[in-house]
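Next, two complexes with chain A in common: one pairs it with chain B, the other with chain C.
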Partner chain A sequence: MPIKRLFVANRGEIALRIVRAAQALNIETVVAVSDADRDSAAAALADRAIVIGPAAAAKSYLDPRLIVHAARESGCDGLHPGYGFLSERAILPRLCEQHGIAFVGPRPDVIDSLGDKLQARALAGAAGVPLVPGSENIASPADARREGDRIGYPVLLKAAAGGGGRGMVIANNGDEAEAGFQRASSEAQAAFGDGTMFMERFVPEARHVEVQLMGDGKGKVLHFGERDCSVQRRYQKLIEEAPCAAMSDELRARLHQSAVDLAASVNYRNAGTAEFLFDVRRQEFYFIEVNARIQVEHPVSEMISGFDLVQEQLRIAGGADLSVGQDDIVLSGHAIECRINAEDAERDFAPSPGRITRWDAPSGEGIRLDSHMTEGAMIPPFYDSMVGKLIAHGKDRAEAIDRLVGAIDDFVIEGVPTTLGLQRAIATHPDFVANNIHTRWLEQVLLPRFGKDAA
Partner chain B sequence: MTDHDLPENLRYLIEEFNRSGLRELHIRKGDFEVLLSHADTAIRAPRRQASAVPSKVEAPTPARKVAEAAPAKGGSFTRNAPEGTIVISAPNLGTFYRSPKPGTPPFVEVGQQIAAGAEMCLIEVMKLFTTVKCEVAGTVEAVLVEDGSMVEAGQPLFAVREA
Partner chain C sequence: MSGKNDPAVAAAIDDARAFIDAILASDWQELHISGDDFELFLARDGGGPNPMFTAIDSSASPASAATTQVTVIAAPHVATIAWVAEPGTVFAAGKPLARLSVLDEVTEIRASNDGRVAGVDVAVGELVEFGITILQIAAEE
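What follows is the complex of A and B.
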């Protein structure tokens, strides 16, 4: 049954985005707000806003019982979790099921199994999705050399019981593998009480690619192309684009098929993203994980496909079949999104909440802005500092970059420092323009010089 | 509305606005624009002044005690507490129950004298019950929500006149 009244269990730009998508489908909306978000744009636009708790997320947006209670008592028959917060916690769809509310996302058991890294890896392997070549447990220096020779150097030695980078060693040849094993294994023994190691192929200059998926929950899965999210700082994506211009058509087709096979093998329902490491030199990709939700960067896929993914999510959650077939999804042009955060680049990107005193947003052909901000709006200090996503679409990557840079130049935000300046530096950097980047490029190449060159 | 009627209409509008429990009222018609707000700073103040009419008309401030106890920027709460009383608010969202169990008498009735620490009601979230207490001794002046209805975090539940 189509959703009649939707509960939006999120905040910020995505809450506003979901309310708009619901309104386009004539679905009523109820937005959950914390005490700090009473005056949010989503709250103002929705049919109703309910104060579910205090500003602290743990007592508001992160409490599944409060969320589902509020959804049920306000007569909602659907719930959209957005991204972040509770979006990938299986307890939320479980509580929704118990109370007759359609969850806009995958089934709880699928969230559980994909959320577990080992299980997800096993599912991917079973579906024929390429995994990073790796070893079983390694117990001796001789094992380390033999496995390293088999996998191909460089390799990464990791403690089986490890985490947080401790007990990790990169080895470029057999001698380094033996020596590295000795060192890392004793380090792991001291740190975790377990010296067991394992080994993976190390990709020094990898790109991050991901495939946008949409499933009907009955085994039919569509993809909306891939995205390249290689501009990252501390594993946080800053710029996302679609398609991945560094990939051949033949490899792209295999990438899409792998992602679809994995999702179809678990009868995936609703929107999801399969993430991969792309080894450009070898022209191979390896499975990383599945994000069982809509992602921040979904707009670039919408821009090249022309589909509204959030509306499609709401239709599927309301019991509809996928509205199109794979052949109906025609990807055209190139889209780039940059995330604008209220952060101070001069203070190591410290979040800088505060009131927006001026907000002159750009517009123009191929320009889209997803934001909940306006002049006078407050960025509360309790949540992430993203103030918006600026998206540019063009007939090719060069035109998309041109439009993005033009839009950044037209954008005036005052009251809080933002990452607009950094985004401009990235989008105009010769390496980025030439698409000669990888996941550590920003940290290794651009950031060390950022702000130091004569402005 | 014609210019001639403006002062009278405005007065009527302000009175109705104060009675309504709305937190903001923004009217724009032709080159006439008015924003009534209970907020300390009007967030959606018009960017361009279209006429000589003040864009913000301050509503009379309610009694201090109540003003302090009520949520700063208002929510969708409709019933106001009597002047000079202390407001007991919901600590979190949930269903408001006046009685410890169905069919039993309420914790407190209007007019009842209560001691400091008295139990006032239950707030239920997914079968988890929280007891709300009154920190001061006094008299229950008003019950501000219907038994069994959903209350939001910070929503006024009781008005108590301190002894």
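What follows is the complex of A and C.
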């Protein structure tokens, strides 16, 4: 049965995004807010806002019982968790099931099994999805050389009992594998009382690629193409684009098929993303994990596909079948998103909450802004510091970059420091323009010089 | 704090400094943060009273009205009122003043001092949001 009244269990731009998608489908909305978010844009736009708890997320957005109680008592028959907070905690869909509320996301058992890294790896392997090539336990230097030769160098030797980087060695050839084993194994023996090692292929310059998926829960799964999210700082994505321009069509087709096979093998329901490491030199990809929710960067897939993924989520959660077939999803052009955070680049990107005194947002052909901010709005210090996502679409990557840079230049935000300057530095960097980047490029190449080259 | 040369400690100090700078740069009069295992209150001169000194119940967030010594008991989170004391009820410290239900669980708000129920602002079965006044209590003379 289609959802009639939706409970939005999140905040910030995604809460606003979900309210708008629901309104487009004539679904009533109730937004959960903490005490700090009473005046949020989502609360103002929704039919109703319920203050569920104090500002501290642990006592508001992270309490599944308060969320489901408020949803049930306000007569909601659907609940969208957004991203972050409780979105990948199986307790939320379990409570929803118990209280007759349709959860906009996967079934709880699927969240549990995909949330466990080992189980997810096993599921991926069983579905024929490529994993990072690795070894069983290695007990001697000769084993280390043999396994290294088989896997292909460079390899990473890791202590089976290890963690925290101790006992980890990179080996570039057979001699280094033997010597590295000796050293790392005795280190591991000393540190953990166990010198057993294992080995994985090491990808020095990897890209992060991911496939946007949507399943009907009955085994049918569609993909909406892939995204490339290789510009990262401390494993946080800063820029995401679609498609991955560094991938051949043949490899892209295999990537999509792998992601769809994995999701179909668990009868995946609703939106999800399969993440992969992309070894550009070898033109191979390896499974990392599945994110069982809508992701921050979903707009770039919407921009190249023309589909509203959140509306599709709401239809599926309301019991509808997928509205289209794979052939109906035609991807065109290139889209790039940059996350704008209220952070101070001069203080190692410390979050900088405060009041926005001026907010002059860009617009124009191919420009989209997903944001909950307006002039005078307050960024509370309790949550993440993202103030918006700026997305540019063009006929190709070069046009998308041009439009993005133009929009960044037009964007005026005053009152708090933001990462707009950093985003501009990335988008205009020769390496980024040439698409010659990898997941450690930002930290290794751009950031060490950022702010020091200013003329 | 010890270990200032420890990068993690140095980063924490930087974070704390940035946090205080941000508060000072804002036009906020006061800030009250509570987490699972900590509570923090910052106020400028002329900011509000420290709620950590005026709490009646650890799970409630009351505010006092100066002249009549009537204290407000507010909902600590969204909940449905399962039961609430009658107006005029005289109670002793430790006695329940209201019961709140969240899904199938009921919790009590208990009095921390002797007193009398001066007013009740909600009805049984009502959904109350965080911060909504449930009842007003007067200290027993």
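One rule holds in what follows: the second predicted complex is superposed on the first by the 443 of 455 C-alpha atoms of A that agree within 3 Å, B and C clash if a C-alpha of one lies under 4 Å from a C-alpha of the other, contacts with A are read in each partner's own complex, and residues count from 1 in each chain.
The rule is simple: a residue touches a chain if its C-beta (ideal position, glycine included) is under 8 Å from a C-beta of that chain, and two chains touch if they have at least 3 such contacts.
Not measured: the values here are computed from a predicted model.
For the composite obtained by superposing both complexes on chain A, the positions of chain B and chain C are in clash. In the superposed model, A:L25 makes contact with neither chain B nor chain C. Of the two partner chains, chain C is the only one that A:P353 touches; chain B does not reach it. Within the superposed three-chain model, A:A160 lies out of touch with both chain B and chain C [touch as defined at top]. When the two structures are aligned on the shared chain, A:E73 is found in touch with chain B and with chain C.
Contacts of A:L131 after superposition: neither chain B nor chain C is touched.
Set side by side, chain B and chain C differ in how many residues of chain A they touch, and the one touching more is C. Of the two partner chains, chain B is the only one touched by A:R48; chain C is not. In the superposition on chain A, A:L251 contacts neither chain B nor chain C. Contacts of A:D39 after superposition: chain B is touched, whereas chain C is not reached. Residue contacts after overlaying the shared chain place A:E375 against chain B, while chain C stays out of touching range. After the shared chain A is superposed, the part of chain B among 7-15, 25-33, 43-51 or 151-159 that runs into chain C is 151-159, by C-alpha clashes.
Once the two complexes are overlaid on chain A, the chain A residues touched by chain B in the first and by chain C in the second are 34-35, 50-54, 59-60, 65-66, 68-70, 73-74, 95. The touching residues of chain C, when paired with chain A in their complex, are 11, 14-15, 18-19, 22-23, 25-27, 31-36, 61, 76-80, 102-103, 105, 127, 129-131.
The part of chain A that touches chain C in the complex is made up of residues 34-35, 50-56, 58-60, 63, 65-66, 68-70, 72-74, 95, 99, 344, 347-348, 350-355, 381-382. Those residues of chain A that touch chain B in the shared complex are 34-35, 38-39, 44, 48-54, 59-60, 65-66, 68-70, 73-74, 95, 375-378.
Chain B makes touch with chain A in their complex at residues 39, 43-45, 47, 71, 73-76, 92-95, 125-126, 128, 150, 152-155.
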